[in-house]
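Structures for review follow.
You will see two complexes here that share chain A, one where it goes with chain B and one where it goes with chain C.
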Partner chain A sequence: MNLEFFFKPRSVAVIGASREPRKFGHVIFKNFVESEFQGKTFPVNPKADKILGFKAYTSISEIQSELDLAVIAVPAPIVPSVIDECVSKGVKAAIIISGGFKEVGERGEKLEEEIRKKIDGSGMRVIGPNCIGIYDPTDHVDTLFLPRYRLRRPRGGPIAFISQSGAFGSAILDWAASQDIGISKFISIGNKIDVDEVDLLNYLSDDPLTKCIVIYVESISRGREFLEASSKITKSKPLIVLKGGVTQEGARAAMSHTGSLAGSAKIYEGAFKQSGVIQARTVDELFDYARALAYQPIPKGQKDIAIITNGGGFGVISSDQASKLGLKLAHFSPETTTKLKEKLPDYAIPNNPLDLVGDADVERYRQALDLVSSDPNVGIILVIVLLQTSYIESDVVDAITESQVTYGKPTIVCTIGGDFTQILVKMLEENRIPSYTTPERAVNAINALLQYSKALEDIEKRNM
Partner chain B sequence: MNLEFFFKPRSVAVIGASREPRKFGHVIFKNFVESEFQGKTFPVNPKADKILGFKAYTSISEIQSELDLAVIAVPAPIVPSVIDECVSKGVKAAIIISGGFKEVGERGEKLEEEIRKKIDGSGMRVIGPNCIGIYDPTDHVDTLFLPRYRLRRPRGGPIAFISQSGAFGSAILDWAASQDIGISKFISIGNKIDVDEVDLLNYLSDDPLTKCIVIYVESISRGREFLEASSKITKSKPLIVLKGGVTQEGARAAMSHTGSLAGSAKIYEGAFKQSGVIQARTVDELFDYARALAYQPIPKGQKDIAIITNGGGFGVISSDQASKLGLKLAHFSPETTTKLKEKLPDYAIPNNPLDLVGDADVERYRQALDLVSSDPNVGIILVIVLLQTSYIESDVVDAITESQVTYGKPTIVCTIGGDFTQILVKMLEENRIPSYTTPERAVNAINALLQYSKALEDIEKRNM
Partner chain C sequence: MRGCETIIQKALNEGRSFLLIDEAELICNLHEIPTPKFYVASDVDDAIAKAKEIGFPVVLKVISPQILHKSDVGGVVLNVSDEKELKLDYEKMVADVGKIGPSIEVKGIAVEEMMPPSTEVIIGGIRDSQFGPAIMFGIGGIFTEVYDDVAFRVAPIDRVDALNLIQELKGVKILEGFRGKPPVNLDSIVTVLVKVSDLMIDHNTISQLDLNPVIVYPDHVCAVDCRIIIEQKEGGK
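Right, the complex of A and B next:
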């Protein structure tokens, strides 16, 4: 069934829109009114005449226009009657923001059952309850009820992000905004009374803005359908999943969080692998992997890694990490070695890792990048560039980007530092060159590229 | 032998001080002149009359005053003759910044041998060559030749940091400054012609400003002495080591970086454990662990963990990580459970993790912290606080700090986000409450506290 009305509604009613600036309903209504959202907007609040200058309605039945989307932010006990109204009005899609359902025990579970019966067969699709809804920077659907000075909205970009947990989602979105990471769509699915990760996977598989999908989930209720959808989507888009509640303690915590039973770690692991899903083991890995997979080409054919650095120590640690993961460092061809000897100062030994030494400038990086990228023995490039030396100017970003574009080889950067580094990291991010603060995280991201490459090859083999 | 002259010199000569603002010798001399360094400063440069207004000397033999410290930044081939002059002048300590020694091969190795002979038995101690020397924010010794707009200097604090690699050290210092992490002393040891990590461990063991020591090292040449020094120091101060070159690929890279042979991973691992050293497996872990160990009390007696959160998902992931590491979550006492039920809203279930739910305010955190901290079943507290909700104001920092001070239990924070979060993280850092961006990193830091606690108990047992 079509989820389009969630993301491209021509009209929206916010039920529970409030005049109180701190109330969720107020913030949500304001998001629609003050953004570039182009559809009609209707506040519903029986106690108000006007909200932010818009006429307020007592109930949605009073609204004459067709309604594509209803955002519901009223106390849990009132939600069933609101759902009744939505169904009889013919609303296409509803997001129930309200909490107080399955996650608080039996009483809430009953309410949820009641709602489920009302929407069954109604044709109306529902996201939530107990969620923060949708953030779509392209069509300006933003039901995040947290104020912008607390939760900065990330810019548009190629990564879709689904989170079962609202707080998890909002913390990561705020962080993503601070890192200039772009999001195609964010969806918080909460208690998943109707729309779940499977529906969203199917929807996002056709979304041209989404290049890579990231999911935080505590339970997967429709296991078989999830694997089918994953197997289908991973043929064209990488899918990264962090599964919460993989241990007994974690599962117990998940039970009281989203009221969901979490399955065994082993089962998920095997199933994910089988359907081409990249499993993140930590929160850091989720977006570390997503940025590599969304921004860079997937390695094909030659996959050996070249490491270029101006700091020997980071070269050593990268080699260690590659070795721990069983990844192979490239042997430069004799031609490359000869040319490197010619071009580089004699104290820069043409090994891999290629240590350009502390006095390397951008020109030396350019030469090294050119020679190493054109070597057929090199498939992937890790550029470590420590920016504390004043030899390196900001055009090192151009050098790296140009070499990536010219030679088309997956390129990953590692750099760490203060303000100056932060600026260059954002320039790289803008150019879709993913950058990592430590050699281990950079090499792990390369490993994710290789994992996905392997998954694609396995799919190809099966189809032959 | 005394290393005091490196850190508290009454007089310093910078040999190779230049008038050129980008030259290393210039930056180093300027660091002494423009900081609050209180000793005498002498630039040595045969081609200049004055540098930054100070009379320049042709050689140190012309300087009448006694010289405690010489910082040498001249081309490698000239270094042996400069060392001769230093020895005959009776200089107490020298730092050779210059590169071009063992790390570039045979030619450099010979130069290094030459220098070694000259200093043997001279009584002069030497740090380097091929290093960036010392940064001491208390006595204002700063031989970092990288300009401050590129490498911001961290403030004073309880963590001493030794790095064999200069670039590694400078990148981490710049990052530490951006995070408001305080450093007691930083020493880059480079090729370790004389002073090595063993000498520095012995020195730092008596340094009252140093509460915790962090080392990045690619080779440990005096293994037995290192273990002796470590065993001694870890009785009173935690020691965290990241060993580069633990794999074959990494060791090969280390060979051409600092010209040092790296030993087998297994041998180091066993030896570290035996001498109470906490081994960091990644660059992130180095300071993640150091901040927990330097700021918080070491767990004694009751060591079960309580998790307090306003985001269920982060609670779930923390539980997973604790479980993966074999750490135990506390069972709250019946009294605590009863009181939590009384004080908290009914939708916040008094389990551990204790989910205060998304609408928790600072007062709810205060009550939870009070009840949980006073529970004898709780030894360590992990406070997850996601700041995207406007219920939480910045005084949550006071609530956490006060509870830590009142109850004295090790307290770790997990929070992630943009600008607002960053400000609160710095407030926490100022109060010496370590904060981490992900549940996994926070729980790993708790694990480091527990590892050190275990090491101390083992020492106690051996002494009984």
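Right, the complex of A and C next:
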């Protein structure tokens, strides 16, 4: 069954909605009531008459209207009976926020088994348990039990984010909000009793708001289905995975040499590569790559990189990192070189990296961007702009954005600095130009663009 | 492939967990994976006759259902150059292997064509608990042993996957021609990788497989040793 009811429910019951402001059930109910959520909301709590002014129900069976979504935040031992009620009520989708299941050992595992039996064949889909559920800024579904003053919600945007860990997910969301990074949907999948990453990938592949998907997982439950789903989705949307929990399967009976060399990490790596998945190795890389892939066009044909900088050192480090990754810097055409000589002061040498020198102003950037972007030898542009000099004003953001839009070439920015820089970084982010604080991160992001470009080329080769 | 499954089932019925070298090489041949010319000799005179047919130098390998790691027990002799040497090596091999214990049963000695030396690679197959059948590729010697320079793909793979798998290795430069050596034929490695992938998909009774080494030449490749580990599967094809 479709997962639509999780993201576009017409009615929601919060089971375990509490009057106590710090309780999870209270925060979740409040999220629905105080947001622009369009559906009906019902608090379920046998001990209360009213919650936040809404009539509280003893159980969901008392609720007259149909229920699309139940959000369950009651102690683990009670969850099976709540699930029973949900199934008999005909609830379409349930999110079990509660912890105290598989993650705490045998007793919790038994509870999970009990729930699994109840939902099998019921037609009700379940996310969780042991998760923080969903945040959808478009339809205002927000089951995060963390108050908004502590965890800011990111704005809407092109990146879907799936996290097995709720704590990891919520911390990243808060950070994403602070960086003005937009999210299409966030889903925390917890113990994956029913809905897992494969289901969500299949759902998100048809979601028009999602341009790029980011996943943090510790285990992939259905390897071959994951491979199939990711191979399909990466044809149209980049998928970036951070796989935590590198386990050494030393226990594998190693009668063969191959068996002794086969660590699970290596097989995951191979599986990701063959299905066009970009593997992030660090938390930083996860969103570094996602922003480049979600905001910028994917390089096609010409892929050589031009580096434009107003700081020599950053240019050198970028070019070092590019060569370390085996990426090629562009040779400017003779025409470009001649024109650069004409336009730039004598002390700026028209090489790549192109050092515009410390006194470069926005006009010099504009001219350089124009000439370099129109050069057919250039496929990708890395703009390093250090904003500490008094020559550069905020309209450098317009210059970079305009050249990107005019020439359509993937453009990545590297800049680092304090408050003034941060303002410009947010303007860039708003214009969907990803910026990075170090040359290494910027070049790694370019590498991710190139990896995805190669994956798309492989797909074409297969179709030939 | 039916012939292959018959070989595997026979071994399983005999309670074996791996195939004899001649069985393994036959399975390779049935799947069009090139191996050296080989014959099974029942005694030393037979071995000499087979060696003459193949042409010296040859390789001798012991065939025993109790011996998986042949070279550890003196069960492999390379580069046997003539009749006299073969006689000595043959008798020594039977004697060495006999020393392991009374339970060791020698079914014969495989006499194989000795392939000239060249760059060696390793191609393998395993079944992973998450992803099922998977294919491994590595470059022989220190690249695999010391630098762990091996990479995997989940089966089935196509030629695009196979080429990416090869090019992913740090040691790929060795294959592309290095210090005056001619480049090897990547295309024929790709073919073997795809064949091994098919083999792992076709026979779920094969749990692990090593082609180690596969010797690669400028125009072809040859899997000079092969190990196939098997296990009974309920409802297996």
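Just so it is clear, the second predicted complex is superposed on the first by the 447 of 464 C-alpha atoms of A that agree within 3 Å, B and C clash if a C-alpha of one lies under 4 Å from a C-alpha of the other, contacts with A are read in each partner's own complex, and residues count from 1 in each chain.
Note that a contact is a pair of C-beta atoms (placed from the backbone, for glycine too) under 8 Å apart; a residue touches a chain by one contact, two chains touch by 3 or more.
Since we're looking at a predicted model, the values are computed, not measured.
When the two structures are aligned on the shared chain, A:269 is found in touch with chain C, with no touch to chain B.
Between chain B and chain C, B contacts the larger number of chain A residues.
In the superposition on chain A, contact is made by A:329 with chain B only, not with chain C.
In the superposition on chain A, A:462 makes contact with chain C only, not with chain B.
Once the two complexes are laid over each other on the shared chain, residue contacts for A:429 go to neither chain B nor chain C.
In the superposition on chain A, contact of A:136 is made with neither chain B nor chain C. Touch criterion met: A:177 reaches chain B, while chain C stays clear of it. Taken together, the two complexes place residues 249, 252, 256-258 of chain A in contact with chain B and also with chain C.
Those residues of chain A whose C-beta lies close enough to touch chain C in the complex are 219-220, 223-224, 227, 249, 252, 255-259, 261-262, 264, 266-271, 273-274, 458, 461-462. The touching residues of chain C, when paired with chain A in their complex, are 17-18, 68, 122, 124-126, 128-132, 134, 136, 138, 144, 148, 150-154, 157-158, 160-161, 164-165, 168, 208-210, 212, 227, 229.
Here chain B touches chain A in the complex through residues 22, 99-100, 103-105, 146-147, 149-152, 163-168, 170-172, 174-175, 177-178, 216, 218, 242, 244-250, 252-254, 256-258, 282-284, 310-320, 322-324, 329, 346-347, 349, 351, 353, 355, 357-358, 386-390, 415-422, 437-441, going by the rule given at the top.
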